[in-house]
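Each of the two complexes below includes chain A, the first together with chain B, the second together with chain C.
Up next is the complex of A and B:
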């Protein structure tokens, strides 16, 4: 579905991504982890079109994404949420979803909007002002909802669980799993909570200093000495403790 | 005394209508592109001079020249947009320099074609007065401009709140990155906003030519006034722009009536500074929200 080959991003003299290569299959869920500044959000920015890569190949379902602007990528089926929710100004929750659906999916389907509202537990907030009348969990749900309304086949979720309490996080995770199963989506999730990643994603990619240093099951990846070193600066957990 | 005050308030209200029609175009472009078009007043002026040329050179009623003016002002706006869209770095600052320069070019083009004289319509209907509620006087042109301006602004407000393109403008205005990632084509929406601003500028130009006087340096004055009103309202609120414009119009009118015409601009500036001091994001600002 999505293939990256040798993708590099330079910001002036800083190499934010160094030859990143991986692919995402239809319906696959991947956790993307790494220390702060590893290049995770830059990778999302490259896939969604916010940042142009300095070098490399980027294909989505056989189409090269390199020359496509963000909005065309959205219409191709790449949905994205942001780490810091910022709904469309003074629109209701439903209007936010309708705008995303109208422009991202090119249609108006109120039934699907109701379904998204239900699955994300936002139905009773549908007519509230999204800027001023939502709690943090609801803002996060709306971020996912907007991306879902564009009818994506690949969903990129950037720290969508960050800042939530443990109980809210668990409920949110269940909703994400329900979303994935309902719409048969491929998902790439940036998340710092390893337990969450392990529960949601059978495959994990680890980025460090702009390089993919591990790719595999959560069990294998989180035992990898290089991954442990990237987080702790030490070779093993025993050394780290 | 009461009659004089009421007349001053009424004249201020009508003047506010002119100002609001100019300012809404500026606010719309700012909301969509985060660009302050410092050539907006000159676009209004261009429309006014098309009306003048139609009346003096071809002897037609200025209103009949509105379609021609729409094409001319729309084309000039499209050129401004095309140049603005080529700015990829530090757009907010560089666009100020570009549009300021374009405004100077337009002013000088008008000056070289029509000279520096002051003009106003010679059509008697526009200059005839009407009496409202037995005591309030206004020129036909002023009332027509106020009513027409209100209808246009209501149309823009409706468009922003109820059409898909309008919702896309609000989405871009509040979160450009998210809007484009939800499939909104920013270029298309920006062009549309520029064209609607051109429509408002054309109407404002005709309103000013028929109800006031025009001269080449007026464009700059209009831009500054529109900018003050837009900031006073809180960058981007259309009802806020209307209320801000009426406030400016009323305070100027009261100053002219009770103090001196030479203090008119100063009074508006003082109101502007006081509002910014009390509420730095303007009267209705804070949400970067267009329309509501």
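Up next is the complex of A and C:
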């Protein structure tokens, strides 16, 4: 459904993405990992239209995304969350979801809003101010909820588990699995927690210095010496430890 | 009694006073009625300014341009092409809306940069009005602009008729503002304020929405400008594009509460009428100073403006009554 070929992004003299090429199939769940500054969020920004690539091809279900603004990509079915939650100011949780549903890709079914609130455990917070009255886990859930309310076929989740303590992380992971199973959508998840990625995604991409250096099953990828070196500077986990 | 019901009762009572009470009380007092018309003219621009500021998130220092373009469009159409005055007034709004399209590239600018761009833009139109002498009469302006006609025996060209016209324009503008605010468009516009990119990635065409608010705001301001041209029957560039048509509505909207629908109207009536009826007789020269001090005090002690302050007080009193 999504194909990237030779995607490059330059910020002045800095090359944030060198030549990223990969594709995502319908319903596929992919983990995107890499050290800090590897270009993961830039890749999401390119796919969602927040950043325009300097070179490369970017197609979604046969349509080139290159000239489309963010909002048109959302209406094609690309939903995303932000690493730092960005709730809509002075709006309740439900209003956040309503805005996303009204302008997003899908039907405007009010039942879907309630369903999302239930799946993400936000039902009792529906009428709270999204900016000031939510805890971190709830903010993260709302980020996912907004993306889901647009009725995407591809969901890009940027470190939605970051900053959560272990028990919250586990509960959140279960919610993500429920989302994946309920809506049968393709997901690309940026995450540093290897166990989480391995549990949710049968395929993992590793990005380092703006290049994809590994693509395969979690087991194969996390044993790849180049991947280990990119994280630790050492060639084996034993050396690293 | 719920807050919504209370608001509706207050609104119906206020409209009854405006449409029935004021004409009965001041219908024969041309001076006071003239002041109320002037206050409502400012109120109309203030509502349009607040719509752009509150919903569109854009601070405009150039609404005088839309006021001037609306007034000249309407006056020229009525004088040179014989367009009926009421139709010309609406076309004045259309003219102002069309003129705002030239401002659309500035929507990419944020904060003070947008405000400065629109300020510069207002000056361009003033220069055009001065230089296009065959159409606009140049610096000398236009005299004997057709007044509002008599309809079914009621003379809308008189002060009372003008009052009812401008009152209707202001009420319709406020209703439009309220309808947009309550819609999902309004919700999206509100959502855009803090994080525009987050709204765009859920499908909100943020620039289009802001453009729609700019065009609507310009249309309302243009209609008010057109009304004013036919009411006073005279125009010149210095008057039509005066910075007063920007500054006074901003002061009124901030004083009344620009984040509320009726705040700009209440603010315009309060500051203009209090200034003209109370401060001016006491201090004929420099009475605006007192107004300035009042505005500063309002910003310091109730930054949200008069309407939110009154609402807080009403809620507090109602809680005391139930305690």
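Rule of thumb we're sticking to: the second predicted complex is superposed on the first by the 239 of 241 C-alpha atoms of A that agree within 3 Å, B and C clash if a C-alpha of one lies under 4 Å from a C-alpha of the other, contacts with A are read in each partner's own complex, and residues count from 1 in each chain.
By definition in this document, a residue touches a chain if its C-beta (ideal position, glycine included) is under 8 Å from a C-beta of that chain, and two chains touch if they have at least 3 such contacts.
No experiment lies behind these values; they were computed from the predicted model shown.
Asks: Superposed on chain A, are chain B and chain C clashing or fitting side by side?
Replies: clash
Asks: I'd like to know which partner A:105 touches here: chain B for first, chain C for second, both or neither.
Replies: Touch partners of A:105: chain B and chain C.
Asks: Just chain B (first), just chain C (second), both, or neither: which does A:88 touch?
Replies: Both: A:88 reaches chain B and chain C.
Asks: Classify the contacts of A:48 with the two partner chains as first (chain B alone), second (chain C alone), both, or neither.
Replies: In the superposition, A:48 contacts both chain B and chain C.
Asks: Which holds for A:74: it touches chain B only (first), chain C only (second), both, or neither?
Replies: Both chain B and chain C are touched by A:74.
Asks: State which residues of chain A lie in both footprints, the one left by chain B and the one left by chain C.
Replies: 48-50, 69-71, 73-75, 80, 82, 86-91, 95, 98-100, 102-105, 131, 146-147, 149-150
Asks: So in the complex, which bits of chain A are touching chain B?
Replies: Going through chain A, the ones touching chain B are 48-50, 69-71, 73-75, 80, 82, 86-91, 95, 98-100, 102-106, 131, 146-147, 149-150.
Asks: Across the complex, what residues on chain C touch chain A?
Replies: 184, 187-188, 190-195, 197-206
Asks: Taking the complex as given, what residues does chain A use to touch chain C?
Replies: Contact set of chain A toward chain C: 48-50, 69-71, 73-75, 79-80, 82, 86-91, 95-96, 98-100, 102-105, 131, 146-147, 149-150.
Asks: Spell out the residues on chain B that touch chain A in their complex, using ranges where they run on.
Replies: Residue list for chain B touching chain A: 164, 167-168, 170-171, 173-175, 177-186, 287-292.
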